[in-house]
Every structure is written in C-alpha cells, then in structure tokens.
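Structures follow.
Two complexes, one shared chain (chain A), two partners (chain B, chain C).
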Partner chain A sequence: MKSTIFTFLLLILSAFYAGAQILNGEGQVHGSIEIDAQYYKPDSLIGAPPVPEKILMNTYDQLDYTNGKISAGIRYEAYDNALEGYSPLYDGSGFPYKYIDYKSDGMEVTVGNFYEQFGSGMILRAYWSPSLGIDNSFNGVRVKYSPAKGVYLKGLIGNQRYYWTEGAGLVRGFDAELNLNEMDSAWNNMKTKIIVGGSFVSNYQVADNPTYNFPENVGASAGRLSIINGGFSFYTEDAYIINDPNAINGDIFKPGDGALVRAGYSQKGFSFMLGGERVDNMSFKSDRTATANDLAINYLPEMPRDETYQLAAFYPYATQPNGEQGFDAEIKYKLPRGSFLGGKYGTDLDAEYSAIRSLDTIALNDKTTTDQGYTTKILNMGQTNYFQEGTFEIQHKFSSDFRLIAQYDYEYYDKSIIQNELAPNIISNVGVLDGYYAISSAHTLHMELQGLQTMQDQGNWVFALAEYNFGSDWFLGALDEYNYGDPDPSLRLHYFTITGGYMKNALHITVGYGKQRAGILCIGGVCREIPASDGLTLSITNSF
Partner chain B sequence: MIIDFWATWCKPCCAELDAINDEYADWQKETGVKVIAVSVDDPRTMSKVPSFVREKGWDYDIYLDPNQDFQHAMEVINVPCTFILDGNGKIVYIHNSYMEGDEKGLHAALLKAAGKK
Partner chain C sequence: MKAKNIFWSIITAAIALSGCDEIATPLVQKQVNSILPTTKPAFWDSSAVSGPYAYTQYKVLLEDCMGDQCPNCPTACAIGDTLISPTGGYPYGQIVMMEENMGDFAIPSNNVAGYPSYAFSTDYRCYASTTWCTLFNLTSATYPTGLINRYGWNTSSPNMDVGYGGPGGTVWQDSIKDLINNNHNAAVTIHIYDSAWTSPRIIGATFQVTFKTAFPGSNTYSLEALVVEDHIVSWQKDGDLILGYDSTYDHRNVLRGAFGNTSGGLPSGIVIPTSASSTAGGTWTSFQTYDFTKGENGNASSWNMANCYIVAFVFNQATQAVVQAEMIKVE
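So, the complex of A and B:
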C-alpha cells in the first residue's frame, strides 16, 4: 500500500508536461476534434418529431499551443443546426473559447475564457459538458498565486458564457486554500493531512425592476475542511448566499445555505463511506432571470450515484436547488483472492443506499417586496420523500478472459418533483447482468441483459445488448430496448439500434442506425432531456 | 510513464486499472514504468476517490482533476484514455476505451517505448 493521493496538485503534473516541452526547445501544438451528426426520420409512435433540416450536427474543435511558460488556445464550435435536445440558442458557429495563459514562479495568469472551481463548487464552478449542453465559462481574467509553500490563492473576474452571448452579471471570486502539511516542515511527515479553504464570490447585476428592490450585488461565501489520516477521511463544505431573489426561487429574499459532509474509512479490500447534504435556496446564477441550467455560477454536488446501466439510469435524480436534504452510505468489500467465493481474482461486492427528502419548512405569509418565502427547521427532515435508491453490485472475474457483473437496483422516484410534471410516484426494480468475454486477444464479446419492473409510468422494460470487438480496432453492436409492459398495448414498442465503429489510437468513429427513446441524461445531478429520435447517427472524435 | 484518465463511475476504467495492477509489479521490474492515474471525478464523487483507491489496493500515484483542466489540456474527450510517455516526455501511445485484453497491447507498446523490443 503505497499509493499516494495528490489533491489539487495537477499543476505539478502540467508543469512536468510543459517542462518536457521546454526541453524540446520548441512550442507544441495539440488539439481535438469532435463531430456528432444525425439524420432524423419522423416517427409519431415513439414521439420523434419531424426535423425540417433532416440533418443536424454539433462540432467542438480545440487547438492548444504551448511554449515554455506561455500557452494559448482556441475552440471552434458549430451547431448546424443544434442536435435535437440542445437549445436552439446554440444554432450557429464561432469561437466561444479563447485564452492566453502565462505561468511563472508560482503565479499563473489567464486572460480570455477559462473554467474554474472553488472547493467542491458549491459557490463557484464553471465547467464544460458538451453532452449536457453546458458551458458556463468565464470571459475575463484569472490569477492564481502561491506566495508560499502550501498556500494557494485564486482570484477571478468575468462574465459567463450564455450560448453565443454573455450573461448580464459580472462575477468576482476569490479563493484561498492552505495545505498545512506542505506549509510547515514539521507537519510534512505527519500522518494526518489537513487542508482548509475558504472562498467569496460576488455577482453584480443592474437592478431596474419597478416593483422589487433587487440587490445589485449578491455575495456568497463558503468554507471547507479536509482531514485524511491513514484510512480515515473527512470532508466538509458549508456555503452561504446573501439574499438573491431570482427566477428559480420565486424572487424571495431569504438567504441561501448549503452543507456537505463526507466521512469514510478504507483499507485494502474494504471501504465504508457516509455522506450527508443540505441544500436550502442555493440557486446562484449570474442573471436573476435565468432558468434551467443557464448561467449557473455554482454547482450543487449530488448525493445518489450516477447509474451507468441504461435501465438503472431510467429514472435519474436531479438536484433540487430550492431545497433538499439527504444522505448516502456505501460499503465495498472484496472477497479475497484464493478464498472459496473469491476465486483466483477475488470478488467485488458493493452496496449503496441513498435517500433524499424535502426540507421541513413553514411558509410565511409575508407578501411584501422583500418576501422571505418560508423558514426552515434545520434539524428536521421534510415530509416529502423525493428519491430513494438501494443498489447492490457483485463483480467477479472468472478468468483473465471472462468477467461478469450483476446488479440489483431498487428505486423510489418522485416524478412530479424531479421532472416538474404531474405524475404518480414511481417505484422500480432493476436487474442487470453484464459480461465480458475475450475469445482471443483480438476478439472480445460484451453482452448486457437488463430488466426494469414498475407498476407506474410506462411499465416494464427489458434491454439487451451485444457488442463484438474484432481486429482490436473494429466493433459491431446491436441493442434493443423493449417496453413490453406499457399499460397501452399499442405503445409496447421496440427501440432497436445497430452500431459499428472503428477505434485507432485516439481516433473514434461510430455509426449507429435505429431508434432512441425519450429520456433524461443526468451527469452529477445536472440533467438534459433527450428527445425520442429515429435515424442515422455519426460520431467522430480524435485528438493529437 | 503511463498516464491513465479514469473515474470511479467508469466501469471499463476500473477494469483496466485492475488489470494493470495485476501486472504492475512485473512491468515495473521490466521497464521501470510508473503509472499515474488521473481521476476526472467531478466534485460529487471526488471525495470518494481516496477510499476507492485504498479499497482497490492500487499502487498508482493518483491525481484529482475535478474540473477536467488537465483532461482538456491533454485533449482527452472520453475516459478511459491511456497515454505512454517515453523517457523524453514524448507521447508515444494513446488508447481510448478498454476491452478485456487491451492491457496486452499496452504492455507491448510499453516494452517498445522502453526499447526492450
């Protein structure tokens, strides 16, 4: 056991990488290309609307240049027009991301567009997720400075990207992080590793509403603490937003607050993690009128796991910024190698349970221009059950050629809260069997069988997938998702898709033909609706 | 040096790192290779990474890249993505995705990079 964890120290690695290039005595160019295109056929039965353009395409193409202490980059994006499920506000093309970066002697200055995250992001996180259609990057200036060992300071100012324009609010942020073990040589060899951090973010937006006296400057602060001692780990972050009436919270003037705690113990072959969170009126955007995922300044880490299997991810949870509290517990255990049940390679067991409920609130009848909306009883759990999930997973490697994963998933899902539409609560049971078999070094087979059982919504589903990799570069696959239990027999439909592709080094080409059911894609509690579609898809990615 | 981009939620990534870990001691003896595993777990799951790695018993150097800065700098679009850097820091091998047995190809490329083959 000598694995080492370096937190937030990627700078060192990037410096090594840049350093390697200085040795070459010349600048280096890197880049990546991503093209996603689809030919659409209307299908009224599955709810795929006619697409007038017939063919749509998104592309993201990045070029970066590094020479010693300087780096610069540019990204071209085109949505000709935006794929179904992406906002039509993306239609068009341009260079939304351009930056110049200078790094020297513990100081780094970035001008132009940049991404950033303070702590776990509860008051500031700008990130790029093309699959979610999110890019809330800043356009402005950022300075990172390390005045002494273990002291990391960051300051930034800028406007956020809003499709092809910028948000109205001007965001200013400051973050300080102290790594106590790095700061003091006496602490250096201590077994206990402690990191503390704090940040402050302020958003300025002109207030010219005749009725409400909106605050022009909205401030938010957060503090965090991380302690690791051998197998024990503890992390907490607490955040507070001063009154921020906005479209998400219904223009109430109540301050927002949030808390996150995670504690765990681990050793080789065993780990236990416990997490708790509370979110109360924590939507923080750089435009008080913005909705959905637009112009978010902060990010609210989600408790439940991101399910990766198709049917286990059928009813994914989305974080409720106006208020929720929940917890999560996970135990992992590896039956040792050579034991009766462990076999030659051991068997991995994983059990996880999470539950999210409403806050316990009392509505206030204070219909004034500085409406507080409600008060919260902090230590009480709310009455409404938003989401519960229990997952059990077992993974066993039978031989170096054959591996099998089995998963069972129980879920309770309040569709009217999570998807904001009037619907009964959904209880579902999902079973998954996932196998990999290497026939020979150049031929691999991957098969999945999944079933979802529920009495509500669209009823039962079954999913089957077979993928065959050959010649180490090529693959062919087929999958079918069948809604055999739909209450309406005429809607018991198959969603059949075939895919094929070629992978070589960083190049990936995938072609698919078939139907895609309507659903929701969620990554880390942030979600995007995926509309039903039928047709031909082409995806190309490469980097150099 | 091998740089491997992974995440706790990415099953093929973990299968790959498990498979490399089974061979790691031998590879180190042969080539002196060092594996750096860069977790692109977002803020939601990054606090799980230390426990996750200890439970797995991986002997790698683990780096966290919660906002994907390094991932973007290395032009990585999807995980798992594996790089081999030779002694001069030059990228000599890139592989995206993992299927059973891909570690054999990685091993062959590693031997080549180390001038053993």
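So, the complex of A and C:
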C-alpha cells in the first residue's frame, strides 16, 4: 500500500513536470504519461465486489528519443495493483516495451519491442490498447526495406508479450506491398491507384501434447488488393491459416480462412460504403492454449460500427473468430446549406446497417480421425442471427452557438453467442439527443439524453448527462444511468456519477465519483468486461 | 548494396525457418494407459455435448455412500433415484448421482449368517471409493450417507457427509436446492467427447474444461474422470422388506473406477493448469482412455460396457469442493 501511494505521488509529479519537449543537441525527447487510479467501495446491490487494496492504479509512461537515423524508446508500466476488470496477471511494474530503431537508405531496422500490421491485420497485427488491456507487441527484430520505388518489404521475428512474460510461440512474418503507380513512371500519373500486397506468417510452438499431434509450425498467408479511382475505393483481403488446433476452436484441425471486402464512393456532401466479411476458424495466437485476448497474432476487422453513445454501446458486438459472416452499409449525405432542411449551416444525415450471422456448418463426427470438426457451406448464410444494427443520425447546427445530434439505433443481439452466457436474444431501441450550446467563447454546455427500450435482459434504461466547460480549461459534469425497467423492482437502480477536470494543452486531469454498471467495452470488435464499481476515479494524461 | 544483402539474408533465413506443418493424423496413437484401436469405434458421440441437460448449466454431484449389506441404504438410494428422475423436481440431468460402495457394509463376504455364500461376495468397492472413504473420514460414518458437491471439507475436519435424513428426509433435496438457486449458470463447463470400441473394450474420452469466469490463481483445480455402471442387478440388504433383502436389487450408477491407469485410476484427479483456471474463458483439454480389459486391476473385464457412463467433475484441490459435474453415456 505504501509503495502504491509513493509511486502514485511520484507519477503525479512527473505528469505535471512533463511540460515541454527537451532538446539535447540534435536529439529530441518526447514522452507521455497516463495515470488511471480508482478508490473502490463495495456495493453489493450493483455487484461491486470489495477490493482489499481499496485503491488500484494503472500507469503507462512512454519516453522516446530521436537523433538523426537512430531512435530509441522505453515504456514504464505499473499496475499497483491492476484496476478491476484488468487481468491480475498485470499486477506489478516494469519496462515491458523498449526498442532501438535505425533508418538508413530505405531500410529500417528495429530491435527490441515493436508493433506491426500486415494489410488489415487478418494474419498479423500487434497493437497496444490500454483501455482493452491488450498489448501483443513483439520482442525481436523487424526489418523494413524499400529496394525500389513502390516496393515495400517487411520481415520480422519475435515473441509476443504475455503480461510480464512472453508467449510460448516464436512468430516469423514477411510482407510485401507493391504500389504499382509508384513503381512505373507511366503509371505514376494515372488516376487509378493500385496497391497489391501479400503476407506470410508462421508461428512455432513446441508440441508435446500426449493426446494430439499438434503442428509445431502453423502458417498463415494473405493477399490483398486496393484500388482507388477518384472518389471510388475498393479493398479486399483474403487470408488462410493452415491447421491450427487451439483452445478457441476446441482443438480442431480444420484450416481457417477469412475474406474482407470494402467498397466505397465519396464526393462532397455524399458518401457510400459497403463492406462484407467472412470469418471461419480464424483465431491465430502464438500459444495454442491462450484464450480471451491473450497472444493474438492477428486481428479480425469489425463490420458493425463502434457506438460512442453510452446506451447505444450497451450491447456491443464482439467479433466471433470461430465463425461469422456479415455485411455493413453506410450512407452519409449533407443537406446543403441554405436548403429548406439544411438551414444556414447544412444538415448531416448518416444511415448505417449491419448484419452478422453464423456460418452454415455441418458437424462432423471425426474427433478420433481427422478432427476437422465441421465443414462449411461457403455460399450459404448460417441459421443463427448473431447481430443486427440499424442506425440513423441527424446532426444539425441551428446557430453558431447551438448544435444538436439526434440518433436512433435498433439492435438485435444474440447475447448467448456474443457474451457466451445463457440469455435470451435481445432486441433494443435506443434514442439519443446530444446538444452543445456555446454560452460564450469560454463557456459551453454539453447535454445528452438517451433512452434504451428492451423487453429482455435488464429492461429499459435512461441516461442523462450534463457537462459544463468554463474558463476554457475547466469542466464539471454529472451523469446518471437509471435502470427503471429492470424486471426485478429492487434492482431498478441509479448509477450516478459526477466528474470534474482540467484540460490545458496535452494535460488532462479528470476526477470522478460515482457508480459504474457492469458491462463490456468493445473497440473494433475486441472486448473487455467492465465490472461494476463504486468509488472515486482519477485520470491524468500528459505528453510532450 | 550491403544493406540489401543483410535484408535479403534475414528474409531468406526467416522464410527458411518458417513453415507450416500439415497434420494428417491429429490423434497421438499411443495413449496414457492404453492404445486406441485403429479401427472405427463401435460408438461415438454425435452431439459433442455432455449429458442429457445443457452442458452450460450448473450441475450438482450427489455421492450416495452405501454398501450392499447396509439395510437402510435402499431408502437413501430411492431418494437419490427420485431426485435424478425426470419427475424429481430438477431438469433431468442436473444432478449427477453415483452410488459409491465403501465402509464396513461394503466389505465382501461369503459367510454372512443366513445368506447364501455368493449373496454378498462381490466387491463393488473400487480404489477411488476406498481412497475417498479414508480421505473424507467415512470409515466409521453412519450409513447410508451422502456427499453433495463435497462441501465443507478441510484436513482438520474431514467430515462432510450430510447423512440422508432418514425415510422421507429432505437433506439432499435441500442442499441441492440451495446450490442450484445460488448458481444459475455454470462457472465451469465440461465437454465430454467419447468413443467406444466394444470389441477390444476400450473407450477414449476427451474432456474439455472451460472456466467461464476467472478463478483465483492461488487455487488449483483438478478433473476427476470416472466410470460408473448402471443397473447392476444383485443382492442388497433392505430393512423395509419382510425378508430383509432383495436378491434382484437394481443398483443405479455404481462407481466402478477412475480414469488414469489400470490399477484403480487417479482418485486425486488430474491437475488443471492454473493458466486455464485463472483466466475467464480459459480452456484445458485432456484425452484419457479406459481399457475395460485391464481397468481396476482386471476387474473391469466383467463390467457391462453398454450400461456404463463417464462421470467427470472439476474440484478445488484444497477444499475438495466440486464446482461442476458432467455425465455422459458411453456410446
């Protein structure tokens, strides 16, 4: 407890003093600091458990130095102990991310830790998301090289981060991308831009299981094509993973495959996007026993939108790596300024629809033979409707002082699939009103009113938020989520929170006090459970 | 030029070291305690879902501790049989019940006064039931008695049997009701996939344990895998009958032995890595075989495979408390 408080105070001081970029000769130092701390109170009514430490804190502090062709960096992380909702395997502190990078003559070499993505990430994406508790960075060597104009090559080898240790698998990867317009002078001025790419990734893990002949080298490959012509854009990627029995797919030996297509058109005041995706047994981790978000080598792009409003995000979609197929379509249109409905500033309309279903599969009784698990009818849609969402949003600026956003959101949500718990399917309707009013140049008022109606799960909710920004740097807010429709009258609870803070340039300080309902947070189809909590929160971020 | 050479050397080395291993025969042929036949199994599961009740539901393990020379035991058995029946008040399959022969009433004898020499000469005890009888201090317990999810045990106070409440007693019902009311969904699920070769009398079973919530990393959990045989018609003392016995008594779900080896199996279970149990969604899989020609030091050769079930449960090694149980017919 004493060390927690000491670290906490030291970090707060560091955050305030991290005020400016430091110049040292030709070198430059940049950094950032983030502190998230919470004082917890148990609340059995909302399901907030007692936290023995009372206070928990996560902090991430990055320092980067660049001097000519060389750059180096280090990140300190401390979880004293990890905030509720984060794996306790994070408890502790250290320097999990450190690198040296050298760039010269079209070549870049990185040793140490690094993040990387091939294409859309379907066979390789290493990234860091503190809010999701994900860091699957590599520790090894990466080389990027451009041997000729328009030719971009990458190769890497390394182990992935697993909390404070490393995963069992050794990942090797290679990616090549050809920008045809850059390669040939004759193509250079063409209106149509074409980029093609291909990747190969292999994970090595010792196979010593007495039951299964697990493959020690699991390979994955992907090809991609991007075409852009004026306002038109098209992207497609197809990926394949050879037999990769793992904890996610139930140790079946069926190869995985996935396909992604996105096409869009945009011009001033109008855009249209259509996307489709198919995922079949595409969990690819550097440890075949890993579960949840641990040690993911790849990332499966999400079809539905990431909702930002509290109640619209109540039932977020989580990508199902074992199998799903779906599509997403979005159209945006701006009613012109001066028109009857556009008014003085114009009106933005946004309509989007997504649908995700299961694959059409046939189970096989082959556990003791080839153990493929199932076969898939590629051209058929599955019988199970996982998720549907239709969203319509209007954004209108009534005057230079007042802007209003209205949103309606319909959702069909198979909770038993998405959250893996026995529950009825949920149909919800969400309405949102979001207004900004500038009282003066230094005083603004932000208010939200949201309602969620559903006959299932916890029933109806209403959400209200008021936030007042004053003195250009300060803000004060209050919000309440009220579960007025819970089938159990004793659980019709308020989740009231007050917040306040200070924002000056990169320095953000936020203090909050109140209750947080249990739920899940999803970003890009990757999710983390958020436990119920009650207490005081403090968040400080700064960068220089 | 030098940089190019370095780059291509690295790429060539990476590709050479990388690769794909395509596996044509997923199962390792040589198993822990026997070798699976290469022929097609006579039976195998088609649903990949254990038990008659949804595997995602919480299930309670009821262990009916008894002996064939225990006159009051049929009364307790009847209570248990009612509980596991479709009309027992719970979804069929939510209670996994085993008859475990142990204690003085289960010691075989061919010299029981007033009975033929063969009446109680069969030993229905097994290595697992004998081990548990000692571990849970049931040697001198009042029979019949029962264990419900093995709650309440520690090394200094090993008694956790709850009796049975006498004729019409509701001790088992009440305890089970409390557990089910407090555990709507299973915190742990157990998938059992089984295949059975009737000719060489071998079964192979894959046990897939999934922790739906993260359990404390300081606790260790184990999987116990057992074979039980239903409908063994044999002698049983019965104090409710005028004769005082039933020579054609229908013994239900009799514990026969544990998976693990041919000399009685592993009554202490197979340890599940804490990396699986301390992670929400953590999964661990174990493949086990049971050779009916060798199991329980050869005693298994006389068991009726067609009436056998596989029972599996996950328990806390320190407290012995069972967190989930499953049962699937050998087929």
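Quick note on the criterion: the second predicted complex is superposed on the first by the 517 of 544 C-alpha atoms of A that agree within 3 Å, B and C clash if a C-alpha of one lies under 4 Å from a C-alpha of the other, contacts with A are read in each partner's own complex, and residues count from 1 in each chain.
Assume a contact is a pair of C-beta atoms (placed from the backbone, for glycine too) under 8 Å apart; a residue touches a chain by one contact, two chains touch by 3 or more.
Bear in mind that the values here come from a model prediction, so they are computed numbers and not experimental data.
Visitor: If we overlay the two complexes on their shared chain A, which of chain B and chain C does A:R492 touch? Say first, second, both or neither.
Guide: Neither: A:R492 stays clear of chain B and chain C.
Visitor: Check whether chain B or chain C contacts more residues of chain A in the superposed model.
Guide: B
Visitor: A:K415 contacts which: chain B (first), chain C (second), both, neither?
Guide: A:K415 sits against neither chain B nor chain C.
Visitor: After superposition on the shared chain, which partner residues are touched by A:K69: those of chain B (first), chain C (second), both, or neither?
Guide: neither
Visitor: Output check: A:Y212 vs chain B and chain C. Expected answer is one of first, second, both, neither. What do you get?
Guide: A:Y212 contacts chain C only, not chain B.
Visitor: Looking at A:V143, would you say it contacts chain B, chain C, both, or neither? Reply first, second, both or neither.
Guide: second
Visitor: Inside the complex, what are the residues of chain B that reach chain A?
Guide: Against chain A, chain B makes touches at 9-11, 15, 18, 22, 36, 38, 42-55, 57-70, 72-78, 81, 85, 88-90, 93-97, 99-102, 104-105.
Visitor: Contact residues on chain C for chain A in the complex?
Guide: Where chain C meets chain A, its residues are 3-4, 6-7, 10-11, 14-15, 17-28, 31-32, 36, 41, 44-46, 48, 54, 56-57, 185, 191, 193, 195, 204, 206, 208, 212, 214, 217, 273, 275-276, 278-287.
Visitor: Please give the residue numbers of chain A that touch chain C in the complex, ascending.
Guide: 87-89, 104-107, 141, 143, 145, 147, 153, 155-157, 172-174, 200-202, 204, 209-219, 242-243, 245, 247-248, 250-251, 253, 289, 291-292, 294, 363, 365, 367-371, 420-422, 529
Visitor: Chain B touches which residues of chain A in the complex?
Guide: 1-10, 13-14, 16-17, 19-21, 23-24, 30-32, 34, 62, 64, 115-117, 119-121, 125-128, 226, 228, 231, 233, 235, 262, 264-273, 275, 299, 301-302, 305-306, 308, 330, 332, 334, 345, 397, 400-403, 405, 434, 436-438, 441, 444, 446, 469, 472, 503, 505-506, 508, 523-525, 541, 543-544
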